[in-house]
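Here chain A shows up in two complexes: once beside chain B, once beside chain C.
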Partner chain A sequence: MAKVTIDGVIYELNPENNLLQECLSQGLDVPYFCWHPCMGSVGACRQCAVKQYRDENDTKGTIVMACMTPVSDGAILSVDDEQTKAFRAGVIESLMTSHPHDCPVCEEGGECHLQDMTQMSGHNYRRHDKKKVTHHNQYLGPFISHEMNRCITCYRCVRYYDDYAGGTDLSAQASHHHTYFGRFEEGTLENEFSGNLVEVCPTGVFTDKTFSENYTRKWDLQVAPSVCVGCSVGCNITPGERYGTLRRVVNRYNDEINGYFICDRGRFGAHYVNSESRIRGAKDASGLSIAVGDAEAKLGVVMQEENVIGIGSPRASNEANFALRSRVGAENFYSGHSDDEHAALEIIISALRDEAFHCPSIREIENADAVLLLGIDVTNVASRVALALRQSVRNLSKNLAQESRIPVWQDSAVRELAQDQLSPLAIFSVGATRLDDVATFKVNLAPDELLKAAVQLDSVISGESVDGSHADIGPTPKCLNQISEALLGASNPLIVCGTSAGVEMLRVATNIGHSIRAQRDVAVDLALLPTEGNSVGHALMVREGNTLGEAFERIAKNSIKSALILENDLYNRAPSAKVIAAFESLENRIVIDHIETKTTQASTLLLPSTAFSEHEATFVNYEGRAQLSFQVNDCGTSAKAAWRWLLDEESHSPDSVISKCSEDISDFSKLTECLPKAGSLVAGMKVPRQSHRYSGRTAMSAKANVHEGKQAVDKDSVMSFSMEGVYPQKDASILASPWAPSWTSNQSISKFQSEVNGALKQGQSGVHLLSRCNKGFKYKVEVPEKTIQGLQIFPAQHIFGSEELSGHAPPIQERMTDAYAAISPKTASEIGVDAGDFVRFRGSEICVEVSIRVLVPDAVVLVYPGNRAAGVHFNFRDIGRSQILERVETAPEKIASTRLGLSQLLVNDLFGERG
Partner chain B sequence: MATFFKLVLLVKDTLISQVVSLWKVFMHLFVETDTVQYPEQQPHMFSRWRGRIILTRDPDGEERCVACNLCAVACPVDCIALQKTETEEGRWYPDFFRINFSRCIMCGFCEEACPTNAIQLTPDFEMAEYKRQDMVWEKEDLLINGTGKYHETNFYRIAGKAIPGKDKGEARNELPPVDTRSLLP
Partner chain C sequence: MNREVIVSSGKIARELSEAEVKEIEHELTLYPDKKAVGLEALKIVQRHNGWVSDESMLAISKYLDIALSELEGVATFFNLIYRRPVGKNVILFCDSVSCWIMGCEKIRKEINDHLGIDYGETTEDGEYTLIPVPCLGDCDKAPVMLVGEKMHRNLTADSIKSLSSSGKAQNKSGE
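Here is the complex of A and B:
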């Protein structure tokens, strides 16, 4: 620690950081623009000027940029110095010379870093008598609006988009006061993390287009801390509501998980909550609406029968799954995963209990210095992990910088030093992935060969002799040796695999983990990624052997008359024929869901449940970390949280369900630790969901009735549906939307962190449910012999469309594509098809468009089944593992009428993959 | 002597003052009355009187309100609620704009907060209703066909945002849009 005197006060600062970061950590107000806690310093904006003195006798001092000045022991500084203040006011005045008079019509207004910094620096009136520079805007797709006039050229956008997120289509153009940030041509911003530009841009150049359509100022949003259910990462988010609809989702800082950034599926996919296809009332078998009381009575009658089975859901909360499990009995509670995914999750859970491994958080993934990706397209399955992996490949440059005694925060110096050198990232995949541009080793093979190559790699790592018979197709022994050396030589090696890679590949991934573990003293980082928000939590509740297939078999034996299906579309989980057969033999098909699916259409009793923002719930992410998500608003319909349909509502609250769950299921024994601590509230007062500036309270509902109703009371949680109460400043875990005096934007988060980039002050980041006490073993992997005719099928994933719920969000639908079959040019010429032709899978009615891609291995077809919410789609499980494609002369009429087209297949554009 | 002075004082303090008062009251019979025959007789209202709130139009005849929400947040009784929407060309305007006059205290903070001079208080105070519900005014009730007290203000002609009839670089004090492909300084 270095002792530094700032304005006469002695602070102990971390000498590894720059002065600006340390000043902010100490809670000092130093204005800045170009610096970002995640992106280091470049010293572009000159706003963070402070005065540095040589020694006690120096009265004149020198103005330095805090972000470019290392903390040095004994330094004497001043932030409040008059000359420095005048300097900062001058800088902001010149930055503002061309800033338009736009604040009232700007979406950033009220949470604008530029507004904050202008006020802080004391600039009021424009004295510059020349004309303002103006720019044309660009269309940047359905997510982001562009208003280039507002730019102050801090370069944060390109530094984030290009350098941090790996985007290629946003650049700084022209020079001097003509500098322009945009695309070469108008068009959709391709990067999957483009939404973060909204929060990274300190002004209103990049704003949330979906939010602007139903715009509400920050102070008017009713917010609560929530958790994203878009994938298995469990990013922390803050949804905002007004007039009963979800208005937007922004990132909520969590130092261990998402940090400052979330993906576009999480940010824009949550709009499904407002979708037309939401279920707003109970319905009977004929689809007619019935009253809540009648629905409850009907449910009660069915539940009196013996042997009612329940099928859970990986997208429903722990509480909903637990309530179903309690209601039908653990022996009648079945997995809502498909059988292969369930098998995959069993491997994941046993890996989570295995003491040989450590499951890294996103922050830890960023620290990995050698990564092996096995068969998973991370960007499209668990996007936030891909963004972290992109940072991990820069660890080499950070090491080089430290060797050369360059501070790591000197962003451009570190990048210049490392040039193209990256930490090793080995990608084993079928076809291209979005991380190929930073991969050191790329193994692109057909699924079966890929598995063989991974098994070979395992042998190389464990030092066994390698069977060289596949050297002609797979990676060379030299390549495998290099990957092995990289992983064994690294201090933080990481293996990433997922359920989408298949069960066998998951086994290989754990085997490789064991092989590495055998050669080092500490646990190996192993991240195995399921696809859905509560996959792990749901799988932990299912008794061994209670798979979906088992449930169908019991139904087929005719011993079961009634089934309760919780928030799950079974047509995505099993072949359609099996689902239809099961539904036909069931007398009562009770479905609880909040969005219309094919399964809800087949229900005999449909009970409406609430979406993620309308109830309090816990979810378990890929690490086995349980996190609490608060209710944001009341849904305003007769829908109830799923568990309320199943358990006695009067005697239960979310907290009591959580407690009961932790008592009943040993794996969930720590779940109650998610709940806010009793002592964290100020004088027992609730935490307000509305800001202290919440407006329009006596007019919002006055059109319906001028007499204002009583404020809604939240009996269940520590939050209130009003502006009454006190923010518990000490326990920032109930911090939904950061705000501090002079800091209205999300940059105010530094006021709530123990230090910049550190944990929230006394905040919690969830609870790890599972303890590592098992000794793992190596699985026996079965490499299939190529005996089958035709093409090997491998599922393609898409960030926009592969997930059930986000597909209902209109902005996401604009980025979705139809189902397709991607094949290599060679395979295409063998079948005799061209790009844009339609093919049928032999023996089925399924007919899809062909997409020809250079990087798809020969004799492989990458199949994307589309999304039921829009466009051409089919049930992926209706096609077998290996298939023959036949050309179709004319596409069926049904397809022609529902087509979205394949224009949004961005992976092609990035890597020149189009055939 | 002393008794005489006491008597004089007594007369001065009580009797004379009472007689004078009586006289003054009597004289009021011949003074012009302050009471006006309202409503037949209308009082003179000064233009800065804070009465009925209106929404005005800019000199081009378009709605001045850009739905920035500043009036709503400034309102101490929270009686203004509105929702922003925009035309296809990007001009912001309120989808609905509601003032609950049964809560309004005519403080004029909304007018002070308004960056476009859209919301203005007028000298009209005759807003009594028999039913409280009728005191909820919507945009149709509030919006007038004129500029109100401030004739010149035309926000969109100053702001950088492009709207129909005013493209980028055409607002007051603006250069034409930059050609990013040009190499000239």
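Here is the complex of A and C:
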């Protein structure tokens, strides 16, 4: 540690960091724009000027930029120096010469870093009386609005979007007073992480379009700390509510998981909560609305029968699944995963218990220095992981910088030094992935060949001789050797695979992990990614053998008359014929859900449940990390948290359900550690969900009723639906939305961190449920013999629409694509089809549009089942593993599509003329 | 593989001429990677066409595999890459300190009167475009201007009259 004197006070600072970061870590107010905790320093804005003195006798000193100055032992500095203060005021005055001062109509107003810094720097009166430079704004798609006049040219947007997130369609254009940040021409910002621009931009150039349409100031939003259920990563988010509707979602800092960034599915997909397809009341068999009391009575009658089975859900909370399990009995509680997903989850969970492995957090994934991706398009399955992998390939440049004694925070110097050199990333995939641009090795093969290649890689890594007979198709022995050397030579090798890669590939991934582990002293990083928000939590509750297929068997044997189906569309889990047969045998199909699906349509009793922001719940992510998500607002309908339909409401609270779950199921014994610690509340007062400035409390419901209703009471939670209570100040144990004196924007988070980029003070980053006490073994992998006729089918994944919920959000709808069958140009010419033609899967009624792509391996068809929320969707499991495609001469009326067709398809390898 | 870039206006890359391709290929031999040739390619295309159209941008982006928006960043950064059509002769008129002291404003007025164009405008016959430039490095002979590739020094009202043109400004929208 270096001893540094700042304005007469001696601080112990980390000499690895720059002065600005260390000043902020010490809680000092130094204004800045271009610096970002995740993106290092470039010294572009000149706002963080401080004064540095040579020694005690130096009275004049030199103005330096804090972000570009390393911390050095014995340094003497001043932030409060008058000359420096005047310099900073001058800098911001010049940055503001063309700023429109439109704060009253700007979405950023009230949580604006530019407002904060202007105040802090003491620029109060505008002197520039010349004409301001104005710009043309571009249409940037359904997510982001563009207002270039507000720009102060800090370059953070392009540094984030291009350099950090790997985007290619946003750039800095022109120069000096007419610098412009935009696209080549109007059009949707393509990057899957574009929404973070809203939070990265220090002013209101990039704003959340969906929020603007139903705008509310930050202080008028009701907020609570929440967890995204869009995929298995479990990013921490803060949803904001007003007048009973969800207004927006922003990132909530968690140093181990999402850090400062979330993906666009998480940010914009959460709007499904306001969807027209929400279920707002109970319904009977004929689809007529019934009262809550009647619904409860009907449920009670059915539950008196013997042998009612329950089918759980990977998108429902632990509490909902646990309540169903308790109500029907563990022996009658079945998996809500499809049988292949369930088998995948068994491998994933046993890897989580295996002492040979370590499952890395997102932060740890960023530290990997050699990565093997097996059969998974991560960007479209667990997007936040892809953003972390994009940072991991830069670790080589950080090593190069250290060798050249360049501090790693010197962002542009480090990039300049490394140029295109990247840490090794090997991608084994069927077709293109969105990380191909940073891949060192790319193995692109048909599913069966890919599996063979991965098995060969395992042999190479474990030093066995390799059968070279497939060398003409698969990767060359040289390529496999290089990948093997990269993984074995790395200090943090990482293997990433997931449910979408298939059960056999997961086995190979685990085997490769074991092979690497055998040659190292420490556990190997293995990230196996399920597809849904609570896949792991749900799977942990299912008794061995209680698969969905087994449930259907029992139903078919006619011993079961009634089933309770929890927040799950079974038409996505099994072939339609099986689901229909099961539903026909069941007398009572009780469905609890919050959104309409084909399964809810087939229910004989439909019970409405609340969405993620309307109840308190826990979820388990891909690491086996359980996290608590607080309720944001009351749903305002007769919907209840699913567990409330199933357990005695009067004698339970969310906390007691969590406690009971941790007592009953040994894997969940640590779940109660997610709950807020008793005694963490100041003077026993609750934490308010509303800010001190929350306005219109007594008037906001006046349009419905002039009586001032009683403030809603939350008897279950440590949070209150009001502004009374003690707002978190420097304690982040229950921190929804950061705010600190002089810091209204999200940049105030540094006031709550132990140090910049560090853990939150008293923060809670979740609880790892599983302990590693098993000695794993290598699986026997079955490589299918090539006996199958026709094309091999592989499922395509899309960030917008591949899971059940986000597709119901209107902004996501604008980015969704219809069903398609993607084939290579060669395959297309063999079948005799062109792009835009329709094909039928032989032996089925399923017709889809053809998309021709250069990188799809020959004799393979990538199938995307379409837009579920718009009802233009087929059951992927209704087509077999291998198929014959037939051209449909005239597109029959039956081929339903949305108006967008395939126009939103974002791939780099479309063949020939534009799709 | 060079990606076919899809832009919402529906514009498509034009075919680069044989001569353009030959010159770009030559530049490619001089740099370590394709990306570095972006600026040279813009200059080559401008030399052959007078300016760089959207279709040319798409063509260079495709040929060199540079993201279109990144190439636009380069093209718009340099004042002398023209992203709009210009006249046959571009007048780069110095309005910097030395020329200002020596009365360039009067000369500019003379150009306005004689050719009927101001900064950013092109004569109707497409002969001249007037663009201000900060210093041409010939201060001892101020005021100066560059017409095409020919330097005009010690400008007077008469020297402007030698520029032959008829007509008035064609393009009033320029800045």
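As a working rule, the second predicted complex is superposed on the first by the 897 of 915 C-alpha atoms of A that agree within 3 Å, B and C clash if a C-alpha of one lies under 4 Å from a C-alpha of the other, contacts with A are read in each partner's own complex, and residues count from 1 in each chain.
Keep this in mind: a contact is a pair of C-beta atoms (placed from the backbone, for glycine too) under 8 Å apart; a residue touches a chain by one contact, two chains touch by 3 or more.
Keep in mind that this is a model prediction, so the values were computed, not measured.
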Contacts of A:Glu185 with chain B and chain C, given as first, second, both or neither: second
Touching partner for A:Gly109 - first (chain B), second (chain C), both, neither: first
Touched partner set for A:Asp169, first chain B, second chain C, both or neither: second
Touching partner for A:Asp420 - first (chain B), second (chain C), both, neither: second
First (chain B), second (chain C), both or neither touched by A:Trp219: first
Touching partner for A:Val133 - first (chain B), second (chain C), both, neither: first
Partner chain(s) touched by A:Val854 [first = chain B, second = chain C, both, neither]: second
Which partner, chain B or chain C, touches more chain A residues: B
Common interface residues of chain A - those touching chain B in one complex and chain C in the other: 173-174, 180
Complex contacts: residues of chain C adjacent to chain A: 1, 3-4, 6-9, 33, 54, 57, 67-70, 72-73, 76-77
Residue ranges of chain A touching chain C (in the complex, touch as defined): 162, 168-175, 180, 183-187, 420, 854, 908-910, 912-914
Touching residues on chain B, where the partner in the complex is chain A: 66-70, 72-73, 75, 77-84, 86, 92, 96, 98-100, 102-103, 115-116, 132-133, 135-136, 138, 155, 158-162, 168-169, 171, 173-178, 180-182, 185
Chain A residues touching chain B - in the complex, by the definition given at the top: 100-105, 109-110, 131-137, 147, 149-150, 173-174, 176, 178, 180, 182, 212, 214-217, 219-220, 243, 693-700, 702-703, 705-707
